[in-house]
């Protein structure tokens, strides 16, 4: 059916279909809140920013959080001002609110997200299993500068990556960017030497152990704090390096995991399929 | 007024990406291009998500010594929740793309083509 | 709000074991498969404990942040019964895999299989609408990889098709979720469900359509189910069994949860706000799927493809049952879903054994009775159960389905007539295969030797089908209270998650 | 009442045992036979009015289910179980390829059908019986034709039961109950108010019953299925299972009593009148098609549903005489059909083929079987003094008493046509010259002989003393609120216009027979010649193009008549169903084209579907 359709008809039809869909989206957008953006004060994010979920929970338990029409009275929740560098022992100690959501408030999402990446990497391994990496006969070795340069850069990149995920709760970034940075360093090593291959079993062990570490942290929370993925460490003062409880731990696990995973995927994907 | 326009611009951009991506998926028969198309759709989605979280007057949702997120009991930061969602969405998109590429490599080896019209089997 | 946080292990343990499987894989490949079996045994026993000791309904609070602020798992009666079924089917298939998974990277196969089941359990239990997306992707990505696994190249084509359609579907779903978030500022299913009337109707309609379209991909509803025949046919048989017995259950569950709980009105018959009745949409999709699936299955000569189309049609039947909107309809849908999950998984597993000895055309079933009476009898049991004949599980669900649609009346009389006609078509092609099994002499009278590890799951499924057929109370009681959870969303779902949602 | 449950549980237990030991054929048959006997023993303990109820927590409510014995059900139970005892006894030594566990499952289902007081268990049992018989037929000849026959039956049967299912739920939603009695009385109460409603619902049920009994226009599966069933199963299928439909009709026919005062046709309410015509047409179609058949199983398949037509025509009148005649004929049909099919099975098992034109002269080898067959077809043809005469006689009386002249003419025609086909079978199988290939054929075993003797005895006994069977029938008639026919001794049949003393008829026939025999004995002796002598004086020149069939004088037995009827046969109901099936298949192969295997098509489908929904969303919001 499709195979005989002229290209032109196909394109026009595609434009037509996609166009209607997009118009539909825009018609929906016209009904969005003012300025097409969410008013933070009308969302649960308000409590995440204010680190106020405990007080909201208190109101919820008392039955005053929702009114009779089931509208949440989010702006009525009492608020304790937070000062950077001074407020201590908050319910969540991360200065970076996005991080606090990613790892703490919605930590379960992140566990799933890590799993997705892990599964994708495993899937790549499964699909590409048994592919031999052939080194082409016509070898074009990179220059010595490239070889040395990538190795030097790797150390720096590794350090930077570690910096990014250790400071995840303070600055933009976190486990995923940190891991990606580390993986890019390893990618550099691939460029530096033809036929380079990282230690596969090492990567696998790293990956598995860090993933297990994440789940174990969750289970420690379950045992210690009676809830899976609950923070079991003191949160410290907001803005300190040693604050925000288990966020740093989790980000270290995630960073190592993502770094090794992406490297493993890269390694698996470098397959020479050309005939030489 | 300018605020109003700014968000519309981003939304239009997001929708344009989604539209372009879908168009590519619908019209290109090459697997790699289809994967690229899916990636563009993903980008559009991500742009949409961060757009609805953001307001021209909002500040970044990170506590620093100078950045005050709450003024007069009202949060002035950009909504951090969609931002954390977009992080997830990006990673998921990455995973899907990696897997799709791996399958594409394998398909090329086994079928000798990347044309989606030729990737089908007669019943055995 | 009743909480039982320990049940987080339902999701945590598969994750932990999945992460550790590569390490076990270093020791022995067979060990990796056994880890899957052990983990799923744990899942099954744990969920059985929840079911039999009546621990449900309860919430699992994640990170001590109560809903609607944090994430939660809600395990009500519906989730309980479905988790029991899923983990049972998963356990059985994992036992089968001990024998069948023998190509290539077995360790990662075991890992992905485990996470597919674990992800489906998470998908069914989660109480957060974005978390649903993540679990959809977990099951999705593992199923693309599983579908691509196998010695034949058609597996790759099927997996790629699934990937493309499913990616688009999940993007649509994500849009829908975010549109709802702009309106209500929350991602908790219970809060959204309670406050759904506080949204702008137009936007909500659009969001509803996007959500349904996105979820219909996993739920195998026409026209979002193009991937089904190719993927099911391409994948190795235990993977097809998994997709059909577990994946579609998760897909339909989420679809129904969104449509009936989130968009549903409170009361017996459900309709939605924003003028467009999502239940009507589901009814149309379901009926179209039944008709198209059964008619396409009728003319197939490849038995695996036939089962794939039949699977699609059964999903349509389930969706149509839910769309009736009454408690009885929901009950019929749940019951039918369970029956389908067990019977179809069994048929695919049987086919796996047969295929390892010969082809998979309908003619290759000839004389199966002479080759292996065990497979012949179990195949017949599965087919007759899907047809809804008495003494087998399928009878009760089909009976309830017909009852429900005639009680609803109106258009459902005609829909039911169409569906029953499609069922006659279904009866024809299944009985044709049964006929081949019993009435023909095989071309090659080579006996099929069924090893112990495929025999256990097949026998267990067959016994279960007959047990449900004779004692429908095994499933019907819990299914009926699960139906209550779907049709009365406030007392069935919302108030169990957020008891104080109606404030003072 | 535990015996009521025993009627269900004993066959089920027997079925499980038989399924386990089916590898050992003799043991399996013994189990089958003893199960029937035990069931019969339990049945003896059961009286009219026994009841047993339980409730099933299902569909969110407690459904009262029950078993109850009415005069009709006990009549049916005795008929089916006793026949089953006979059949399984006969089967002990025969090569019948029957799967005993399916037969026993069918028995359980059949007992349940006759005792059910609610539609839930009625439908459950009906479907159980359906699939057990489908599988039993699959187990028959193990050929493509047998698969085809079983599938044909399965499709009609499942279509029928779905139709019934719709009827059940339409009805139970009106009354809120599954109880047969309540639903029927509800229908009676709205009969005069909403006659079309009632007609619609009831015809949903009637489709299922007509399919099961092979009533026109749902008769087309009968020859295929009977022709291909396992030999041992055919007698059960044709004698017992066809009666389920009659039982079903009798559930709903009392409805028409409330229409007695409404003007109808010839003093009959119009539903009865229509059913009478269905019955009559079935009788004619069956007979006409039967005498064209060369396959013995198919021939008697048509014969069987032709007789069902007689029964339906009679009970559809729903007058005392009509009902009595119909039930009486049902009983007689069970007997003579059993006799015919059992002998046919015996012959087939000995000669190994079913084409009549290749048989012939077998009476020399199987005299007792020949005698049984003769008595069977004499009964079927309604020749006194055998059973069958009385019931046909009553049917004609009942029809004429209502002035249904045209229908009666049809039935007469069917009756005459039945002479023709019975004659054909009689000649082709047993008379004529014996082919050499059958020189080694032996009479059946002792057990088979006992069965045959018993059947002959029963056919004669109930022919002479019909009162033994008319008594229970009268109580059935009474239970429907009709006035039973007067009884005057076991040997009398009381018709509408007159009554007959069967003993005197018997004496007359015997005298006539002796007279005929004397004539035969004194007349010229004839000489036996081998088969080849017929046409060619012992030689077979190649260029004569002689086929072995042509030696058989019954080949193309009714060729001239076939030619006369041939134009009418082109109008085939069968073709309608087949064409319907073909168009469904064509539809399927067109729809299948949607799934081309190209992922872009699938994407188009998904996005296109979404766009359609979005547009629909705009329109309604």
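By letter and in written order, the chains are A, B, C and D; residue numbering begins at 1 in each of them.
Operating definition for what follows: contacts are C-beta pairs under 8 Å (C-beta built on N, C-alpha and C of every residue); 3 or more make two chains touch, one makes a residue touch a chain.
Predicted, not measured: the structure shown is a model, and the values here were computed from it.
*Asks:* Report which interface contains more C-beta contacts, comparing B-D against A-D.
*Replies:* Result: the pair with more contacts is A-D.
*Asks:* Compute per-chain Cα centres, compare each with the mean of all protein Cα atoms, and return the closest chain.
*Replies:* Checking distances from each chain centre to the full centroid gives C.
*Asks:* Measuring centre to centre with CA averages, how many angstrom lie between chain B and chain D?
*Replies:* Their C-alpha centroids are separated by 68 Å.
*Asks:* Using mean C-alpha positions as chain centres, tell me how far chain A is from chain D in Å, no decimals.
*Replies:* Averaging C-alpha atoms per chain gives centres 72 Å apart.
*Asks:* When the centre of a chain is set as the mean of its C-alpha atoms, what distance in Å lies between chain C and chain D?
*Replies:* Comparing mean C-alpha positions, chain D is 44 Å from chain C.
*Asks:* Suppose each chain is reduced to the average of its Cα coordinates; what separation in Å results between chain B and chain C?
*Replies:* Roughly 28 Å, centre to centre.
*Asks:* So which bits of chain D are touching at least two other chains?
*Replies:* 596-601, 603-604, 607-608, 610, 614, 617
*Asks:* For chain B, what residues touch not just one other chain but two or more?
*Replies:* 18, 22, 25-26, 34, 52, 81-82, 85, 88, 92, 95-96, 99, 103, 106, 117, 119-121
*Asks:* Where in chain A do residues touch two or more other chains at once?
*Replies:* Correct list: 2-3, 17-18, 21, 24-25, 27, 32, 38, 43-45, 106, 109, 112-113, 116, 119-120, 123-124, 127.
*Asks:* Quick check: in the complex, which residue numbers of chain B touch chain C?
*Replies:* 18, 22, 25, 31, 34, 38, 41-42, 45, 48-49, 52, 81-82, 85, 88-89, 92, 95-96, 99-100, 103-104, 106-107, 110-111, 119-121, 123-124
*Asks:* So in the complex, which bits of chain D are touching chain A?
*Replies:* Residues in contact with chain A: 593, 596, 598, 600-601, 604, 607-608, 610-611, 614-615, 617-618.
*Asks:* Residue numbers of chain D touching chain B in their complex, please.
*Replies:* Those in contact with chain B are residues 596-600, 603-604, 607.
*Asks:* Once bound in the complex, which stretches of chain B touch chain D?
*Replies:* Result: residues 22, 25-26, 29, 34, 116-117, 119-121 of chain B touch chain D.
*Asks:* Could you list, by residue number, the parts of chain C that touch chain A in their complex?
*Replies:* 5-6, 8-9, 12, 15-16, 18-23, 26, 60-66, 68-71, 104-105, 108-109, 111-112, 115, 119, 122, 128, 130-131, 134-135, 137-138, 141-142, 144-145, 148-149, 156, 175, 179, 181-183, 185-187, 191, 194-195, 198, 200, 202-203, 206-207, 498, 500-504
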